[in-house]
Structures are given as structure tokens and as C-alpha cells.
Amino acid sequence: MTSPSITASGAKARASSSLGFPLILLICVVSSAVLYFGLSQLDSSYAFLAAYTVLQFVALATAWNILGGYAGYVNFGVAAFFATGVYTSVIIYKTVQWPLLVTIPVAAAAAGLLGLGMGYLTLRLRGVFFSIATLALAVVLNTIVVNWSFVGGSRGVYVMRPQEIILFSSYERYLFVVMLVLAIGSVLIARTIENSWLGRGLAALKDDEMAAECAGVPSLRMKLIATTISGALLGAAGAPFPFFVTYVDPPTAFSLSIAVNAIAMPLIGGTATWLGPVIGALLLGTFQQIATVTISSALNLLIVGVVLVIFITVAPNGIIGFVKDLREKRR
Amino acid sequence: MTKLTRRQTLALAGSAVATLATPALAQTSPIKIGFGMALTGGLAGGGKAALLAYQIWAEEVNARGGLLGRKVELVNYDDQSNPATVPAIYTKLLDIDKVDLVVSGYATVPTAAAMPVVMQKGKVFLSLFALAANDQFRYDRYFQMQPNGPEAKFEFSRGYFNLAQNLNPKPKTVALVGADAEFGVLALEGARENAKKAGIKIVYDRSYPPNTMDFGSIVRAIKATKPDLLFIGSYPPDSAGMIRAIHEVGLDATMVGGGMIGLQFAALKQQLGPLLNNVVCYDLYTPEPTMNFPGVVEFLKKYQERAEKAGVDPLGLYIPPFAYAEMQILEAAVNGVKSLDDKKLADYIRANSFSTVVGDIKFGDRGEWAKPRILLIQYRGIVGNDVEQFKQAGKQVIIDPPQFKSGDLVVPFESVKR
Amino acid sequence: MGNSLSIENVSAGYGSVTVLSDVSVHAGDGETVVLLGTNGNGKTTLMRCITGQVVPSRGTIVAEIDGERHNLIGLSTEEIVDLGISLVPEGRRLFPRLTVEENLTLGAYRQSARERIAASMDFCFEVFPRLKERRTQLAGSMSGGEQQMLALARALMASPKILLIDEPSVGLAPILVARMIDKIAELKTALGLTVMMAEQNFEQAARIANRGYVLVHGQVAFAADSVDDLRNSDVVRRLYLGVG
Amino acid sequence: MTFSLDLFSNAIVSGILLGGFYCAIAVGITIVFGMLDIVNIAHPAFIMTGGFIAYFANTQFGIDPLAACAIAMIPAYYLGRLLYRFYNVAFEKRGEESLQGLAFFFGLLFIIEVALLLIFGVDYRFVEAPYIGPTIEIGFISIPWRLLIPLIVGLGLVLVIIAFLSRTFIGKAILAVSQDPLALRLVGGSPVKVKEVAFGLSIATAILAGALLIIIQPIEPSFGRDFIGRVFCITVLGGMTSLPGTIVASMILGVSESLTSTFLGPSWSPAIAFGLLLITLAVRPVGIFGR
């Protein structure tokens, strides 16, 4: 019963890889260049900051999807990894003051390590147990940060942006470019995983873990790789955050809205392929950004909730799945 | 009404001609004041009340004919109590909406997140209840409305320990307890120092996490140390929880209270009612005769009439007068320099003293009030749970500082066992 | 007033895998019909088709209950059970963390059965005194034989007209298999049931069957009008009796 | 912190009192999440709804908060059934309940929370009742009625539900569906109908739990989020499907939080509770009472 579905997802993966990697890379580079110069034309740092927020969600949604979408392991503890990135950044800022570009890999490594550790601890758990364990992890980390005065503890910590930044006319632009690179990097990594033995293995696990194990898929190793990469990318996306808000306290770094968005966006876009989270994040992120500055009341959140529920109900496989269904029907 | 407004407008417009190159255009386009405000999430209670105060001010100003002959328009967005939304909100306000002036949202976190954006544009920045937010930035166009003074953390407990020190017999021990969040930690830090200075021994010193449900075990642990004084640095839900637990466990001490956020709000006053008797707490304004600044009664009346419809605190004693005063300062400064130039405005605000509904304000180091004015009040004669009684004088007696004092400290605090 | 079951030209499978092709099987009023065949030849799938767990890709399944004809295809499992067709499923599928008594009570889920729970339970305890002894024990903690008894008793609680039994002998010691088959025969006579039983154990099944079918690779390889015909058929001899 | 018998016994009592309340908030989750496999993370939002119903009835009509919510449990039960029917058609029938269903409840959590915010505003709300305030003294142990009532009602609620599940036919069917939905169909029961009843029951318990919450402390709409973790933690610790397990797990959580906050300092108590959960999941993933 399982072998047909494994081959099916394998076929799907091959189909999406019909666009070669160099071509995708080229598209990314060209589109980001267009985006950058397009935003520059607007002559406003608002565009860059708004885009930063949206791109941060692209990175988070993509990173979450590596474990949640491909392997079907729902990570509720996105905030734990994001905050690990945030606080690694804070620690580096308060001690050695390395530049952001050096901070990001360190933050990614720290969050990746956390992912590996969490994987060892919890990956034997199936389904919702795993999800709850990740939620607990976020609470435990939150408590540790609250009690750790060096990183500001519960009072929070100020992070000053550097005065000058080479090559860029403003720090907002710099932050934007950093997040753009992180988002594209995450997407490329996710896409590479999807088309590799790892992606096919994870898809098999998602279909039927027991059968996959019987068929010789090294499930634990695969899941550990997936949690590590997913965690690292989530952490990397958190590293620039202190410089974005300049003041970080635990409720901000462990914010529920981060977790909600990182999960809702892939679901709205579609979890099966790398494109789903990207579309979901672009749509929902942009929508939230617009709603914040237009509706700007409690209704804003209400609308996000309603949109989410409607989408989930009408298009349960996300936008990607919906479009695919439409095409198949037409055929 | 219309006639009056027009006449006023013309009168003010005359003065504006001197500074503005295009007075005709200026008359048609309003002065936009932008800010993000917490209308949802954890800070929304304060945020919505502050927004109402701003709105009352804007209506009044417009009824008087506006600022510099131009109407005033508030442009505000909901920051959802989430600092991550703030940088984008302020850049939108400044770049896209082209607001003329900005003020901060409610509380520290959103203020801090707005700082880099505001600083980059060189805007004058009045902030509302942001604790020591400028200590790091050292921005010279920043002014803060909460009367903490430059050394905020000591102020929340200064009056408390001053009074304690002078009691006879002098209290020997103090228990410190507070919420594990920004304010609680800060208030406790200050209390620790003040206790040391006053020569009072700390016998319990712990913080509890936000969302703690049961304070019984904490209060019991405190009671076991038999402190003479109990100083609390808490947030709204836990302020109520602590006071209830104190009565339930039966903790008696010379003085109980201190830095409890939430007791200033109608909801908690009403709920705790008689349990508040003899509790001491920091406050910023209470309707005592010593605080009868010009305009404050009228403002509160207007606010209280509209509070229910706006779904905000029905008394509005804590944040709204200061939010209103903030706008009064902005108004006075704009009228003073007859321009919207940020540098001139900042220089003017720094140099002058302002008469507002919360008294005379002069700014000092880092944009904090030059002289701190945190009040220590004591609840007296609270009967039942009627919220109206808190509008009267004599219920929230000011016991410190001396110049606003309206009554003497009454000791000891005795728990009500029912 | 007959209770019979007619399966005509049924094909079914899972996804792209076809398990049954063009199977026609019939059980007349009061008959005991046995489906023979080794593992993986489609007996369980056929049972699932009858009980609505698998929807056939083609063919018809019609049950006649008290003279009234019902088309079973398209009905849900619970609707089919509600008509008076009970299945003792492969692997028994008891509620392991409920007691014997609770399992039996739930067996009488049908509206018409619920009214006589007490009487049905008394009957079951009479037939299976062992269950009475263990009435408060959790079903999951009993031995295989006891569990099979409970599964059978639970199916009877629904007061069925047609009883389907899928592999009652699996996992049981030979002596228990014989006893179980005896019980089925006894119940069938007592209650006037129409029985369709899938079984691997030819000798035991043959003791109580009126007729039989042999399923091989999802097709009816042989349909016998009597037990003797079965015993003499080449297919059966090849499959079961080790005669070549 | 120095140890004393007085403190220790009071901490235990406090923990048990708190545990009683935890029972009431967790019982609904144990039913839907543990037994029916529905990850209703919007459950805390229903608890908040209950709290605000109590608030509304109490301030507008002077009705006792518990009485108000006891009445409200009836419409809540039917609302819950309706909600499940929608969930079933939209997600379970399509076999997409795990991920999409989760997101659905996420969205619902937001919608309810904001709806409460729009109706009741952002201020902390509270109720008045004769049992809020007084305390019983037994020797050196003090028991506030404010916490004792939730303990009694919370435990009572769980016991009533245990009795309901083991004594009634539909109750047994709910237990059966949690063990083997297919087997239930084979005896002629419709899992959908049974789950509908159970879901309605779970929502009804949430409403009552809301009354208990607002008796214990003032609430505001977004307060419920804090419970998501705690509630699931209790259910998992208790072994998912076991209601007695839920009681024990609630007590363990309550007592461990209380002991930690008395002797180690309160700021560590959430980490202790969740640490306990992480260890349980790692060492014995089926929980204390799991089989």
C-alpha cells in the first residue's frame, strides 16, 4: 500500500525539479535585484522594512516546512529556534561585537544544535506528542532566558545599530538585503532537500513511517538532519531581529505570533513543495503588513484568523494544491 | 460655533503667515501627528486609554482653531503590542503618510523599537510611559512623560522607604517580591538599594513569572520570614492576586504595597474594594486637593463620559492625564516656536517649563522629568466595590512627597480575615 | 421471510491494486457458507466489501433481511450493521480497555438490539460461561480464545440475521478452533442465522458448512454446492489436502 | 528558603487547590485530544468565553458565575456539536485533520480571542460572589474559598464525566471510539455521531472552567493563550486518554509548581512543569497513566 505513494511523491519531486538549479538561482538573483531597485525607486525606507518583515516570514515558513511539511512533524516551538537566533545575536553583540554577517552563521549553528538535541530527545515521539514536546521546549527556553540577566533577563536588552554601514545608504536597506539573502538561501536549501534522497525519504516517512522504516529508510537519521537544518534556518532568520527592533525582551522573542505565522503560512500556500511556504508567506505577510497600516484595529487580527480558517477549509492543500486540483479537473 | 472657529482660525493663521511660506496651502492641509498604539494585545488597556486622551486633545485643539491655523489630524496604527510591527509603522508614518510630528505608543517596548527610525529622521519624540528607554540611545530630542526622573528605578520605592525609615519603631526587615518582567525587575532593583540605604534588612527577595495563578504559596513563603515591610513590584493581574493572597494567608506587616501596577486602574480598584485599605502604592495622580492642576478636572470629566463607549478604563486617573499633558506640551512647543521644525521644537521643549493638567513639567537629563514626581498613596476608607468612590478625595491619600501630601501614613497594615 | 446475501460480479481493491475481480458469492436463507482460500486471496477484502469498509469498483451486493431487499453498496458500515448484518472481524477488534460486559453492551448498538440488551447478554453468558466469569475483566487482558469468544458474542449482541465471520481460527490452538466451530454451529441453529465464514482451516470449516467457495487470487476458483463437492474438488485438494 | 512543615504543607495544599482547577481546564482537552485525536488548541479560547459569560451574567444580572456557566453549558454543548460537525465535514472526511485541522483551530483561537476583545474590551474583568474573599483556617493551613470552589467543581466535573463515560451507553461508545473507531462501526455505531457528542461535552466543560478561572483571578481576552501549554502538558502527563490520569497529572503539576515557587523561587516554576513534561515524553512517552 505504501510503495505506490512513495513512487508518487518521488515522481512529483522529479516533476518540480524540471527547472534546473542554476535556472532557479538565476531567477532568484534577477528577481531580488529587480526587487531591490524597485524598492529603491519608492524612495522610502518603509518599503524596505515592510519587505524585511515579509521576507522574514518567507524564511521562517520555508524553514518550518522542511520538518513540518516534508516530514509531517509539526513543530510548535518555532519561537524557541527563532529566539535562539535572536539571543545568540544578543550575546555576540554584548561580548565580541562581531558584525551581523558573522553573527548569522553562529546563530544558525546554535539553533541547529538545539534542533539536533531536540531531535534526539523527542523524535521517537509521533505526531502530536512531538508537537507538544516542541511547545514545552519553547517554554523551558523562555524561562531560562527570563532568569538569565546577562541577556537582559525579563527586563529586555537594548541592541544599538552600528552607526555606519558600508555599501548601503541606510541600515534598513542593509537589513533588507541580509534578510533577502537569508530567505533565498532558505528557499534554495529547501528546494535542494525536496529533490534529494532526503526529501524523498522524508515524504515516505510522512506517508507511513512504519512502512518506510521497514523499507529501509533510515528514519531517525533523516529526521535528525531535518530538525537540524530546519532549526538552523529558523535561528538564522532570528539573528538580525535584535537589530531590527533594537530592544528585545522575552515576550517579543518568544512571541506566539511568530509560531502562528510560521505554521499558518505554509499551510495556506501548500506544504508539499518549497513554493507553498513562499507563496503563503508572501500573501499572508503582505496582507498583514497592509492590514496593520490600513484597518489597524482589533479587526486586523480577526481578519487574519478568518482568512486562515476560510483558506484551510476551502483549499486544504494550500494554494498550490488548489491550483493543481483545478488544472487536473480541466484536463 | 462655525463662526467662532473661523474667527479663531483666522487669528491664528495670521501668526502662522510669518513662518510659513505658503499659508494658503497650509490652511487646507492639516498637521498630521503620527504614532503606533497598542490597541490589541497585552498593552491595549493602556494604549486605548491613551488614544482616547489624544483624541480629546485633538478635538479640543481643532475646536480652538487648530495648531498654527491648521487642523490637527491624528494618524495612528495598531502596533498589536508587538514591537516587530513598530519600525515599519513609523517609517510608514514618516515616509508615506508624511506626518509632521510623531509621538510614541504606550510603554517601553514599542517606544524603544521606534527610536532608531525616529532618530534617523531627526524627529522630536515625546514618549508615554517608556521606562528609561533613552538611557542607551541618548537622543537629545526625546522627552518622556512618566514622572520617573533620571533615576527611575529608585523612584518607585523612594517614598516607601523614606516613610518606613522614619517610623517609630523603625522597621527592621523587608520582603521584596515582584513580577519577572521589565517593571517588576526594575522596581525591585531600586527597592534593594533603597532598603540598603535605609538600613533595612532584606529577608525575602524573589520574583515570580508572569501568568502565575496562585500567589498563596508565595505569600506564605513571605509570611514565614516575618517581615516588617512588604514591597511588591507587580503587574495588573498579579497585583490583584497578591493583595487577595495577602488577605487570605493573613499576612500582617507595618507597610504593604509599593510598586504595584494595576491598582491605578478602575477595574482592580473596584474588584479589590475594601481589601485595599491601608495598602500603599506608587501612583502618578489621584483626585486629592493637592493635585488640583488647572484643567485636570475638566479633562477627566470629559474622558470619563466617553470611557465606557470607548471600552477603556472608566476612571482614567493613571495614563490619560499624562497622555493629554503630552499633547499639551507638544501644542505649547509648536505655538512657542511657531514652526514644526524638529530641532527648534526640541530646543524649546528642553529649555522651557510647561503647565499641564498634571502640573508643571520641566524636562532634564535624557528627556526625563527634571524632578521626579512619583507619588506614594495610601488607600483609606474604601467601602464596598463602588467605583465612584475613587473619584472622591480622601480615598487615595497622598503620603509622599511632602509637597503634594494630603494625609499621614497610617500603620500597620492588617489583613482582613473573613 | 428470508435472510440471504448475494454478491454479484464484484471487483474491488485498494488504490491501484486490484484484490477482487468479478466475484460472485451467494448465501441463502439459513445456510452456512464457507469462503476458503489461503492468506492474501481476497477473503477479508470481500468481507470488507459486504460491510461497507471497501467500496467495490463494480458489481452488486444485495442483502435480503426478513424478506426485504437492501442494496448494500453505498451504505456506511454502521448502516449495514443496523440492517442486521454483523461481522466478527479479522483480528477481533475488541475494545481492549473496556470490560467484557462493556464490549457486549456496545455490541447492542443497533436501536432494535438496544431494547433487549439484558436478554441478549444473558444468552451470551449462557453460551459462553467463560465470559460471565470474566465479565469485569478488560478485554485486552484476556487470552486469544477468550477474545475470539467475546468477539463472536459481541456480534451476536446486535441480534443479527446474517452473521459474517472472518477467520475465527487465526491464532488459536487446534482444540480451541474445534470448540469455536462447534459454538458457531450451535449458535447458528439456536438463532436461525445465515452465516458466511471465511476460513483457512478446511477440515474445521467443512464440519459445519452447507456449501463453499474457494477464492484464489481474488477470483472464485471453485463453487461447490455441497461439502462433498468441495472435498472432491481439484482446487481444494491442491490447496489444502496436499494432493497434487 | 528555609524549610518548614508549615510552609511545606501549605504549599502542598495550594498545589492541590490549583490542581483542581487544572483538572477542569484539562478534562475537555483529554476528551477531544486524548480520546478523539482532535487537536483543539482553541480550547483555551472557549475557556475564556466561559469566563466572559460569567462576567457578563454577573455584572449585568447579578447571577452567580458558576450558575451562569452551568446554564451556558447547555448551548455550549450544542455549539460544540455543530463545530465538530463542521470540522468533520471540512477536515476529517477529507483525511486532512492533522495539519489543516490544527491550523483551523489556530484560526479559531484568534477569531474567538478578537471577538471577545471587540465585545468586552481589553480591561481585566472579574466577578463578585460570596465565596470570593473568605478563607478557611485549619490549624496552620489556610484554604481560600476562591480556590476551594474550583477544586470542588473541577474534581466534581471530572468525576461526573468519568461516571458518564463508564455508566451510560453513549459514554461507553465515546471510550470505544477512542480505542478503535472501526470496531465501533462494526457494532453499528457511527464514530462521527459519538465524537460529536464528546466534542460538545468538551466545549461545555471549557465554559464551566471559564467560570472557575474568573473566580480565581481577573481575566482579559488574550489570557487564554497561556494555558495552551499547561493544558496539553497535563493531558500528555496523564496518559492522553485516562481521566484519572488527568486528575493525577493536574495535581502533580499544581503541587510541583507550588513547591517550586515556595522553595526555589517562583520564576522557575514554569520550567519545572514543562521540564517534567519533556522528561516524561523522552523517557515514557505514553505518560504516567498511558498503556
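We call the chains A, B, C and D, going by the order they appear; numbering starts again at 1 in every chain.
The definition used in the following text is that a residue touches a chain if its C-beta (ideal position, glycine included) is under 8 Å from a C-beta of that chain, and two chains touch if they have at least 3 such contacts.
Note that this is a predicted model, so its numbers are computed, not measured.
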With contacts counted as defined, which of the two, A-B or C-D, has more C-beta pairs across the interface?
A-B
Chain whose mean Cα position lies farthest from chain D
C
Starting from the mean Cα coordinates of chain A and chain B, work out the distance between those two points in Å.
38
Separation of mean Cα positions, chain D and chain C [Å, integer]
43
At what distance in angstrom does the C-alpha mean of chain C lie from that of chain B?
77
How many Å are there between the centre of chain A and the centre of chain D, using C-alpha atoms for each centre?
31
Residue ranges of chain B touching at least 2 other chains are 40, 42, 180, 207, 209
Do you know which chain C residues sit against two or more other chains?
none
Residues of chain D that touch two or more other chains sit at 114, 117, 267, 270
Enumerate the contact residues on chain D facing chain C in the complex.
166, 169, 172-173, 175-176, 179-180, 182-190, 241, 291
Write out the stretch or stretches of chain D touching chain B in their complex.
1-2, 4, 6-7, 10-11, 14-15, 17-18, 21, 114, 117, 120-126, 128, 133-135, 137, 142, 144, 146-147, 216-220, 222-223, 226, 257-259, 261-263, 265-267, 269-270
Residue numbers on chain A that touch chain D, as the complex places them:
68, 72, 74, 121-122, 124-125, 127-129, 131-133, 135-137, 139-140, 142-144, 146-147, 256, 260, 263-264, 267, 271, 298-299, 301-302, 304-309, 312-313, 316-317
Contacting residues of chain B [partner chain D, same complex]
40-42, 44-45, 48, 180, 206-209, 211-214, 216-218, 220-221, 224, 236-237, 240-241, 244-245, 247-250, 262, 265-268, 271, 275, 311-313, 385, 417-418
Residue ranges of chain B touching chain A (in the complex, touch as defined)
39-40, 42, 76-78, 80, 82-89, 91-92, 94-96, 108-109, 112-113, 115-117, 120, 133, 135-137, 179-182, 184-186, 207, 209-210
